[in-house]
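What follows is a group of structures, each given as structure tokens.
Paired with chain B in one complex and with chain C in the other, chain A is shared by the two complexes that follow.
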Partner chain A sequence: MINQFVFVLFNGLASGMAFFLVAAGLTWVFGILKILNLAHGAFFMLGAYIAYTIGGASPSSLWTFIGVALLAAIAIGIMGLVTDKFVLGRLRNVDYHYVLIATFGLMLFCEGVAKAIWGSDYYSVMPPPEVDTAVKIGSSYISLYTILVIVIGLAAFAVLELIMNRMWAGKIMRAVANDPWMAGTIGINVPMVLMLSVVASFALAGFAGGILVPNQTLSVHVGSSFILYAFLAVVIGGLGSIRGTFVACILLGLVESANATFLPEYGGIAVYVLLAVFLIARPQGLFPPQGAL
Partner chain B sequence: MTDASWTRSGQTASFTDQYLLSAFGAVLVVLLFFAPELVNPGLLFIIGMTLIQSVFALSWNLLFGYTGLASFGHAGFYAIGAYFTGASLRYGFPLPFVVTLLVAGILGALVAYGIGIVALKRLTGIFLAVLTVALTEALGKIIGFTPALGEQDGLGNIPRPIINLGVTCLDLTHSNAYYRFLLIACLLIIGGLWWVIHSRLGRTFRAIREDADRARFIGIDVARYRVISFMISGGTAALAGALSAPWTRIVTLDQVNWLASTQPMLNSLLGGFTSFWGPVVGSVVFTSINYWTRNYPGLSEMLVGGVLVVIILVAPTGVLGILGKLRARLLKGGRA
Partner chain C sequence: MKRRTLLKGLAASASLSLGMRSTYLRAQSGPLRIGVSYALSGVGAPVGTQFMKGTEIAAMQVNRDGGLLGRQIELVVRDDKYNSAESVAVARELAGAGINLLIGGSQTVTALGLAPLAPELNAVVIIAGAAGMPVTHELFNRNIFRTVANNYTQYSSFGRSLIETHPQVKTWISIAPDGDFGRDSALFFGNAVKKYAPGKDATVLDTIFTQGTATDFRTQINALMSSRAEGLYIGVAGAAQISFFQQARGVGLYDKFRVIGEVGNGEVTGKAMGRNTYPNLWSISYWNNDLEPFKSNPLSQQLYKDYVESTGNKFPPALVMAGQRSAMALFEGVRKAKSSQTDAVIAAMEELTFDTPGGPCSFRKEDHQMIATSYYSQMGPSDTDPFYKILQMAQIDTSQMIEPATPGVKFDIKDLPQ
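On to the complex of A and B.
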């Protein structure tokens, strides 16, 4: 029994951190621009494909693996710059429906590009050799790669929290998120801050793509499974709150993993129950960001 | 004097316009009716799907274009209709086919009512978008666990119905016969939606879309009318699904995910959500793009996605909006 709990705990944490890596960029852009970027999952997928193309199917070491993920982050960040210039930047002051639909169009476009370049074949990528083993915890085996994902997720959360709460850049971002007009009058370059937020969010998506490729087979649909959980986490966490999204991701990961272990014949249903409970009992989310929305 | 003749010529123009449009519509309906004799079965299938997609898109646009609410999980309703009809034909429920269709529509409307009373009072906007996506995914999971509904493989071998009219039987097993039934059913549903939108109810919906707060001030029960709009929309989407099951003869899980939900959205925006016929035009354009790009992997997504982004950026009123603007400019140019 205890073994099963250890297993559920580690798996849950690992998928929770995987969701968080994808959701972090989503919630960041949501908090600052009030945009729900439906194309986020597609850019995550492009990041995974780019990492696969640069790094190949079996990365030679842990550091090349992380380096490749960072390159993917840079590539997707540049795409974010272009997207912001041509699409998102022009939709700053329109009804959110149009933004949702435009980002949806972007998502389709990216999927088309991926299909045209990489075809509809499935690829699989190995974890780097250092973490391609399992360790024994109690009497259950946990893959080291799983622990790596957990560590990277925690590190990403720590960095984002530091930036948001302790650093000058985060204070400017919160000022812009709360009141762009006032932020502009005190001399903050608001369009620049918004653009940098978009680029950071896209870069996060690309990085997540690079880190999470070994988790599953790579295909055009790789984004959609993660992005759905990311949406749920953003809603449960309180729209735009990084801390809330983090807690929601862990919660979703644990619920999903417990569901898969104890009720395998109804896999994937418990998270929707969780969502329904939250929407009815606490529609504002776990940590609703103050002043925003 | 110039002014008077101006107005009169303008009126005559719009009168002739309407006349021309009606004539065009009538010719189109006649052509559609004789389509089985004019085109090959493959193309006929696509025409039938376009009709169903038009109804589906119109149902979504009633919600978005006329009430200002966006459902991102409309495929759920379509799937309810399709699976219900599919199962009822496959397992031979003792229900006349027309009743099956009606029950499917009512089922969709009831589910919409359930979601509506929970969600529409508090959750508009992004919450509604995420909630509808999640509910549709949950429905897909539930169908995936139900052996009677074919789990992951879908519900295949759906027979086409024979309608017993008492005196005579209407045999719809042949695809040409079912196509004609489909055409008439779609025209009736489209007529019904036209009536709803141009009635007092439709004006109430539009008042809510324009400004929910002001609508409340003049005494409109906004939450109630939102739920009503959601119910009509969900019921119509379920009807579209119900009509599709005997036409495609297989219902699969591909029809119950959030990507399928975006089909009516694409069609409405492509054609133009501000006009009644926009979603129909969009369905035709979309099907044509898909048909012509079917041999190039990725191209159709690129085209459709790109067109969608460009439409939102330059012409949020869609194809019909662009045509209207062009026409206005041409007429103005002609007069000047």
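On to the complex of A and C.
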């Protein structure tokens, strides 16, 4: 039984960190621009394809693997810049319905582009050789790659927390998120901050695509396996709260893992129960942001 | 009636009948239009597009040899989007356009929509790829013909084939999606392993179930790794199967199991995994031109040649043959009937035997189930493009493994003699 708990813990944490890597960009852009980007999963998918195209099916080393993920982040960040200029930037002052429709259209466009470039075949990417093995803890087999995902997830959270709470850049972003008009009157270049937020959000999606692609079949649908949990985490954590999203992702991962281990015949149902409980008991989320991240 | 009125009436009737006659003649001399409805987009597209290519080649081959009934074949292609409701809409649209010959159902989900509709549309419907038992049991009607083995035959034959080629593997286990298909295929496979094991000394452990659309298999992989099984059947298909292999490889599953059989992804998995393909992976297959018995079959050689010429790809997926065979079954039925009328084609196909790249095929008259040889391929990694290769083919005569025909009656394995 202890072995099972250890496995549930590791597995849940790994899933949670994977969810967080995807959800971080989603909650960031929501926190500052108040935009629910339905195309976030599509840019995650493009990041995965770009990482595959640059790094191939078998990355030669851990550092190559991480470097390729960073390149994917840069590429998707540039796409974010273009998207902000031609789509999101034009929707700053319109009703949110239009934003939802626009990002949904953007998602379909990205899927079409991916199909046109990479076709409808499936691809696979293996973890780098340093983590392409497992350790046995009790009777449980723990993949080193999942431990890598946990480490990268924790590091990503630490960096985001540092930026938001300890650096000027974060404080400026929080000021813009809290009151863009007032931020503008004190000399902050609000459009620039908003644009950089979109770029950062997209770059996070691209980075997540590059890091998580060894875990999933690479196809135009690869984003859908993570994006649902990312949305759930954003809702449970409190819309726009990075800290809340982080805790929610861990909760979702643990609940999902426990569900699969102890109640496999009801696979996948526990996360929806968790969501329902939160929507009833704490609809504002775990850490509702008070106008800021 | 006045004589003038009578003459006018006769003249009008004559001109009307001549007009109809000329229309009729024009229609008969035009191309023979055949509807095709496969999953060409969505998650079913990797399978549907391969069926489509095979069907296109079949039409091209027949047209090159002068056509059918003196007419060229024109395929009217629609995308069922791997969606049952869409397959119904497509079939109705094609029937509305006057098409009574239809090839479709590249997967069970769409075939379940198509099959019950065929009598209402007065169409002959070829169910090309759906192996679900209801098609030739409770959903059976005389208008449908299935051109693949059903699940019971397919997975019983697969279990038999694997235990006969790996008699040293004594303990087996399955991982399968928790649904009708997953449960059935694991059950049929396991029963056959026990039945055909030399000395009947094989043990089949309880199946590990997962969700059909699961993306995380770590819990199930851990259970497989902790089991004492040496042989594994994977009932998880499509992209999920590739994710399974990605997640399993890193924890040592490749070293633990001596043989793995998979549900039928075949080259889809090989192509995706490439050099990381499990080295003793067995799959339900239809065709490999480089290996016997296909190597010495002129129809197989011609199919390969036509595929390479039309695509430029030298590595055709096996499902291309299934798509070609499905179309050829219909074309040969029309040829034998010397008519494209529904009743005539049905009557002809019930008595039909025809050659294919995989050997002779015929239909069982009672339930319109195709009887053919089933093939199983062993796949492994390769250092050269496409970085996987088919190492050998095994075959089972499905006439030995098929259940008795009970059209209209739901299949229940408990009704079979044990």
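Criterion: the second predicted complex is superposed on the first by the 288 of 293 C-alpha atoms of A that agree within 3 Å, B and C clash if a C-alpha of one lies under 4 Å from a C-alpha of the other, contacts with A are read in each partner's own complex, and residues count from 1 in each chain.
Following the convention adopted for this analysis, a residue touches a chain if its C-beta (ideal position, glycine included) is under 8 Å from a C-beta of that chain, and two chains touch if they have at least 3 such contacts.
All of these numbers come straight from a predicted model, not from anything done at the bench.
Superposition of the two structures on chain A shows chain C clashing with chain B.
Once the two complexes are laid over each other on the shared chain, residue contacts for A:I78 go to neither chain B nor chain C.
Of the two partner chains, neither chain B nor chain C is touched by A:I66.
After overlaying the two complexes on the shared chain, residue contacts for A:L275 are found with chain B alone; chain C is out of touch. When the shared chain is aligned, chain B and chain C each come close enough to touch A:E265. After overlaying the two complexes on the shared chain, residue contacts for A:I172 are found with neither chain B nor chain C. Contact with neither chain B nor chain C is seen for A:V190 once the two complexes are overlaid on the shared chain. Contacts of A:E111 after superposition: chain B is touched, whereas chain C is not reached.
Contacts of A:R90 after superposition on the shared chain: chain B is touched, whereas chain C is not.
In the superposed model, A:L9 makes contact with neither chain B nor chain C. The superposed model places chain C right into chain B at 38-46; the other stretches listed in 2-10, 38-46, 182-190 or 308-316 stay free of clashes. Counting contacts by the rule stated earlier, residues 120, 265, 268 of chain A appear in both its interface with chain B and its interface with chain C. Considering their complex, residues 36, 87, 90-91, 96-98, 100-102, 104-117, 119-120, 224, 228, 231-232, 234-235, 239, 265-266, 268-269, 272, 275, 279-280, 283 of chain A touch chain B. Per the touch definition, chain B reaches chain A in the complex via residues 64, 70, 72, 118-119, 122-123, 125-127, 129-131, 133-135, 137-138, 141-142, 145, 258-259, 262, 265, 269, 296-309, 311-313, 316. Within the complex formed with chain C, the chain A residues making contact are 7, 11, 14-15, 57-58, 120-127, 131-134, 139-146, 214-219, 221, 225, 256-257, 260-261, 264-265, 267-268. Contact residues on chain C toward chain A in their complex (touch as defined above): 41, 43, 45-46, 49, 178, 208-211, 214-216, 218-222, 225-226, 239-240, 242-243, 245-247, 249-252, 268, 271-276.
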